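This is the structure I want to talk about, given as structure tokens.
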Amino acid sequence: MNDAPPLLPLLYDDVVRRALVEDLGRAGDVTTDAVVPPDRTARALVVTRAAGRIAGLEPALFAFRLLDPGCRLEVCLRDGSDAEAGAVVARVEATARALLAGERTALNLLGHLSGIATATRDVVARLRGLETHVVDTRKTTPGLRALEKHAVRAGGGSSHRYGLDDAVLIKDNHVVLAGGIAEAVRRVRGRVGHMVKVEVEVETLEQLDEALGAGADAVLLDNMDLPTLREAARRARGRAVTEASGGIRPENVRGVAETGVDLVSLGWLTHSAPALDVALDVTDRS
Amino acid sequence: MNDAPPLLPLLYDDVVRRALVEDLGRAGDVTTDAVVPPDRTARALVVTRAAGRIAGLEPALFAFRLLDPGCRLEVCLRDGSDAEAGAVVARVEATARALLAGERTALNLLGHLSGIATATRDVVARLRGLETHVVDTRKTTPGLRALEKHAVRAGGGSSHRYGLDDAVLIKDNHVVLAGGIAEAVRRVRGRVGHMVKVEVEVETLEQLDEALGAGADAVLLDNMDLPTLREAARRARGRAVTEASGGIRPENVRGVAETGVDLVSLGWLTHSAPALDVALDVTDRS
Amino acid sequence: MNDAPPLLPLLYDDVVRRALVEDLGRAGDVTTDAVVPPDRTARALVVTRAAGRIAGLEPALFAFRLLDPGCRLEVCLRDGSDAEAGAVVARVEATARALLAGERTALNLLGHLSGIATATRDVVARLRGLETHVVDTRKTTPGLRALEKHAVRAGGGSSHRYGLDDAVLIKDNHVVLAGGIAEAVRRVRGRVGHMVKVEVEVETLEQLDEALGAGADAVLLDNMDLPTLREAARRARGRAVTEASGGIRPENVRGVAETGVDLVSLGWLTHSAPALDVALDVTDRS
Amino acid sequence: MNDAPPLLPLLYDDVVRRALVEDLGRAGDVTTDAVVPPDRTARALVVTRAAGRIAGLEPALFAFRLLDPGCRLEVCLRDGSDAEAGAVVARVEATARALLAGERTALNLLGHLSGIATATRDVVARLRGLETHVVDTRKTTPGLRALEKHAVRAGGGSSHRYGLDDAVLIKDNHVVLAGGIAEAVRRVRGRVGHMVKVEVEVETLEQLDEALGAGADAVLLDNMDLPTLREAARRARGRAVTEASGGIRPENVRGVAETGVDLVSLGWLTHSAPALDVALDVTDRS
Amino acid sequence: MNDAPPLLPLLYDDVVRRALVEDLGRAGDVTTDAVVPPDRTARALVVTRAAGRIAGLEPALFAFRLLDPGCRLEVCLRDGSDAEAGAVVARVEATARALLAGERTALNLLGHLSGIATATRDVVARLRGLETHVVDTRKTTPGLRALEKHAVRAGGGSSHRYGLDDAVLIKDNHVVLAGGIAEAVRRVRGRVGHMVKVEVEVETLEQLDEALGAGADAVLLDNMDLPTLREAARRARGRAVTEASGGIRPENVRGVAETGVDLVSLGWLTHSAPALDVALDVTDRS
Amino acid sequence: MNDAPPLLPLLYDDVVRRALVEDLGRAGDVTTDAVVPPDRTARALVVTRAAGRIAGLEPALFAFRLLDPGCRLEVCLRDGSDAEAGAVVARVEATARALLAGERTALNLLGHLSGIATATRDVVARLRGLETHVVDTRKTTPGLRALEKHAVRAGGGSSHRYGLDDAVLIKDNHVVLAGGIAEAVRRVRGRVGHMVKVEVEVETLEQLDEALGAGADAVLLDNMDLPTLREAARRARGRAVTEASGGIRPENVRGVAETGVDLVSLGWLTHSAPALDVALDVTDRS
């Protein structure tokens, strides 16, 4: 289980607020407003309808806090926990209005992020016994990058760079525009600070040698076949971190990892993992 | 093909801007800044790597406009078009910096929304010959509801309500809190305006009869088995629109539709459809 | 009295905050800062100076909460209540700084919205004995639509659509551009979801017949004389909701309603109703 | 006519944008999207339906620019001009979508602000031959203060302070909390800079004398009867600017002004002036 | 000591929040998240490392409140107090995560603003025995004007206008464009309200006479030598406030003040004062 | 000269806009509005009044573009250039209103950032002949971090981490809370991705040895005396980057650098560098 502290609310409060506003629109929850007395309170359970790995529970519950600052929230399964189908993830006590108006926003967040965590967990499980780590990418859903990378970590994966600014990744186009890998690395080293790592994307073993010669901290081995990957991992060992990337899915991930690369990265984790089925059961409506 | 006008940029410009800022962080694209001369321009093609239905092209291209207001954008395949793998979706001419800094944001948007459109198209195709329509839900990704509903339409689906405010959906919890379906409908009719439709979620034929008797405009038939659905569709015909919902996936959608319901709604379209594989090919870097 | 729950603060907190910032500017309340010791508290009454219908009290009081989170607020007359001149609407206990800095913002909101509620109530009163409802329009003050529509409801009126997106209203220009009412309705039905109602604006009985034939849910009878209105109401009865609109003021509203239309809509309620005179009496400044 | 430059768009662009977003909601103009081809352009006239003084035309037209950056806008009657009923205020050429989607926002702004300008003009006209100026207050509509004060100037009125921060107004409560007018003025002078003027609200001639003795730059004569006002104006002449305030309406304004006060201030101008009737006539829809 | 109330949080909360977000980026405090258990609390002292005048303590501490709403904050030295090196300015008890994540933001604010207050205090001290006041300018750091002007006041200085809108300052370019000082003043008086003061920038005694003749409330004596300043102060006495400006630094300020001007203004206070050295000492980490 | 591309406007446009709004307030530039005809255009030069290194010119000029989208801007000295006193940095042609309303915002940005660049350049110059680099810190002005770090680079310095999220810096408090340097490094390596570097702050040679043993990428040598620094640099050579920090000023920086450390970091560059004197000369006001 992931024992890191939960995300600071400052990192996600605007996301949750925007999601609520998106759902409430101009007139708010007209159904509930018409049907439910304003001061009625209720209790509810956040539950899973399928087995999976939990992620995003704190941001999900934050929806209820924004609607009812006096609500009571109890976390039963923290991010990074595994849940059976039917497990109770959290307990909520709030005004009935807040419960019903916040339900969909909370579940959309929790289901989406737990889906990513679950998919990551399953990929990680396929690598049991190997030392290869599972890494995310920048192929995330617009507006949700920090939360989705958090979900990958909750699933046992590890984070690649967060954006274009916190690490260097020299790709094909950069190499062409710079006139070679060595020149691209040289320009980058002359500009970025001492705390920034440099990774180079390579497609052939020749490019790999050039990147290693230029002192890359890491190399992204793009769409190589397994024998080439194996040779690349061998050559780079002790000189640079190796990351296999391109077309990796749960089905083929173990084969890739067995080549000896340090990392496998999967955009699939964040752009295509299905949501986990979660629900809100109102238990006390009296 | 969907021949409606593209979305107004006011409906999505903040989403695109936030996505760019999320990727650029504080320091911007440090790799490109180090490697590429500032006034270099380049041309690129937005292409598909797999076959699918296009959606979200205008918001995707808007990323380049935000980075380089003088860029030239040519739409080749409008939203709602089907593309083969390898199809050219758009042509972009911009500064190389804008192309490289905007690439991931543009592709994340296009891939995500086209994934939804493609999934919808495929579900719609399974209903060929039937009159049942495919409908989305509020189970959307936080922050992207309007774009995702647009993608469902581009896929040939149709829109359910956009939020809690623009239509009434009386659910289980509302019925319990109001003391019955008829009372819930009565309260709602007394509060909402003449332009608001009222749908009632029912789980049994008894509840259906109660909802029809109360004058619901539509009924959501929640998790009914096929024989019950068929009977429900029969009873409601001419009295209310019928929507089957709950656990509907591409595999079982035709069976549900063949019961004669007017609509089938699938949260799956927006919370679990995999992304379409799209890419940016820089064609001219001289 | 309107017994619906008060609006969720998420629907108005930004409006109140912006109004405070607009009043406080960069330097804040320089008079109070110079004159009043920082930890002085005070009590005050929100009172009416004229008789009217209360609306917007919760948003108004929210101004004090934003300035002094520890303030105590007591609602004496909820939205939808009638107040005599001199009535106590609420009691506030807060720091003297918060009271004085928030006073104008709170009163501007309360006076404006209660003015709308009062005007609506008075129009509704003129229709006593008739079944015609009073409806608002989109002729609202920029930035305040949701609050103003809430005020109309507090006055006993009912809501027309909230914006361009939550219902269809086919107007003159749409008809011309589509090439006829029937064609416009057909296009609209093919695009919008099953939860969206369709209203058609008509100026003549011929257009009315065309709209009814096309299956409009409602018809807006624009600027018709009374005999035509009466005939229109007769023809549409049981087929579509009828709404009379155009130039309706308190003086002539009963005559219009007596034609038998279901609804009368008045832009006047939201764009021209005078404010209700309200004040803040500081009762304890020791 | 007011020959000052129009407001800088930075002062109002957010107001216009929020008003558009408020009207467009999540789904945009669904009627127009269904009916009007996306590339259709049209021409329209902004016209008056009643006589009045124009104000707010630039912000109103800005709505069309936000929806169609390529639109062509021609101002026919600048802010501060008088218009007959039926006058052409501006010409607009834009996509039909932008015209129809922006119409209501533009008219709501123009009608509201021209209503204020017209009311101000009419009050100013009642003071013909006198030297008294008409002044606005902080009793403005939340979110629109700068635009409403601009409208008052377009009507021939003059601006009181814009907020709590740009000038001092010592009121009743400040005096009590400070322990007297002289002490309140002393504290204020010790705190605010040399560019800030100080006005004191007084209800009696004794208070007036105290304020004049304390060196107030201006005195607000609150709810005094006409003889008292006349005496107050006499005493203050050459020592402080005199402002009559409280319950002043068009009907009684001339009597107040004839007492010789320098200024009359009317909250009524901004909180209760009815809107001017304006419309958009689409002239070319081919 | 400055005994005015502290600034209202509404005037600075966005500044603090933006500063925190700027420091936390997308991933938050990755060091602390990896090292510190989430529920660990700690105590810390905000201390000075050099002697100076405190300003900005409340906004600085607000950083901890945003990260940990349950934190306990004790102000030991309020804004406007003098502190020795090593003085305890405040005590904070919060989660260790909030303390470590908020530390730099809090110190950056406190150090910057206390630097300005200290510099102002030192300039004020150089004028001991004179009646000249020290005034700030609009040469402030973008985004921090209100806080920096507050810091100047905490240092014993006084505020010039806050922006382009709250007072008139007719400069060289305005005079040329208007065709003379008298004409510029005339145009301004005809446009701005009765609560707005008018200052004129003059470079010669001839211009000064023209400004005084035109009725300026204040004159800015721009870059005059000492004898000219003395003569200017003499001529303006009793007619307008005199402000010496241009190239004034701590070293030469007393000489300028001894000419008898009412005010000396120094952009240096806000654009070039060095920060005060402040630190956070964590005292209890168990 | 720094030949990297200028910053993307997306990285600073909000900063410039907020600065303008801060200066314009609610009423805008009342002086210019009263004096200058609205359609008057003018030309101006951005000039230095003292010698220095230019930084921030693009954001500064952006102020004029926001006020007058049709303005013409010519950059004469790009960021990273050295300017004599009196040098022309840029030429601007715009409406006179935009020039006068944007002047202070533009100059505040340019003066502040060029002050930092100039200070950095001067520190770099003191290290001529040595291989030590000058590095910035997180001691930046709230809201301006990215721009200030850009200014340090324009001055020839290099960037430390941008925030708490893009690199690890294990400080004193982290070590105590983790129970030792080795344990802290171990926890961090287990959590952060492969693209994140780890620096450890050490105060003694023993701590240094521990940090090197734990595999730190860099060590921050905090407040060490020169002999200790020299020994530390010797021990770390080839094993980790060495950064001297604490109390470094222009006066003592060369001595520190001569100990052989790789980097010297100075908070002073961003929190205490005086502004460069820059001005706007309007050259054509006809």
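Quick notes on this structure:
Chains here go by letter, A, B, C, D, E and F, matching the order in which they are written, and residues are numbered from 1 within each.
One rule holds in what follows: contacts are C-beta pairs under 8 Å (C-beta built on N, C-alpha and C of every residue); 3 or more make two chains touch, one makes a residue touch a chain.
What you see is a predicted model, and the numbers here were worked out from it, not measured in a lab.
Chains making contact with subunit B as well as with subunit D: A, C, E, F. Looking at subunit B and subunit F, the chains that touch each of them are A, C, D, E.
In summary, the pair subunit D and subunit F forms a contact in which the copies contribute largely different residue numbers, shared numbers making up under half of all those used. Our note on geometry: subunit A versus subunit E, Cα centroid distance of 44 Å, whole angstroms. The geometric centre of subunit B is 32 Å away from that of subunit C, both derived from CA atoms. Spacing of subunit E relative to subunit F, judged by their CA centroids, is 22 angstrom. Touching of two or more other chains is recorded for residues 4, 22, 24-29, 33-34, 36, 101, 145-146, 159, 162-163, 165-166, 191-192, 196 of subunit C. Taken chain by chain, the contacts link every pair, so each chain touches all the others. Those residues of subunit D that touch subunit E in the complex are listed here as 4, 133, 135, 153, 158-162, 165-167, 191-197, 199, 217-218, 241, 243, 262-263. Chain contact summary for the complex, subunit F toward subunit B: residues 4-8, 10-11, 145-146, 149, 159, 162-163, 166. Those residues of subunit C that touch subunit E in the shared complex are 17, 20-21, 24-29, 33-34, 36-38, 66-67, 97, 101.
Here subunit D touches subunit A in the complex through residues 22, 25-26, going by the rule given at the top. Residues 15-16, 18-19, 22-36, 40, 96, 100-101, 104-105, 107-109, 111-112, 115, 138-146, 162-166, 168-171, 173-174, 176-178, 184, 187-188, 190-192, 196, 268, 271-272, 274-275, 282, 285 of subunit F are the ones that touch subunit E when the two sit in their complex.
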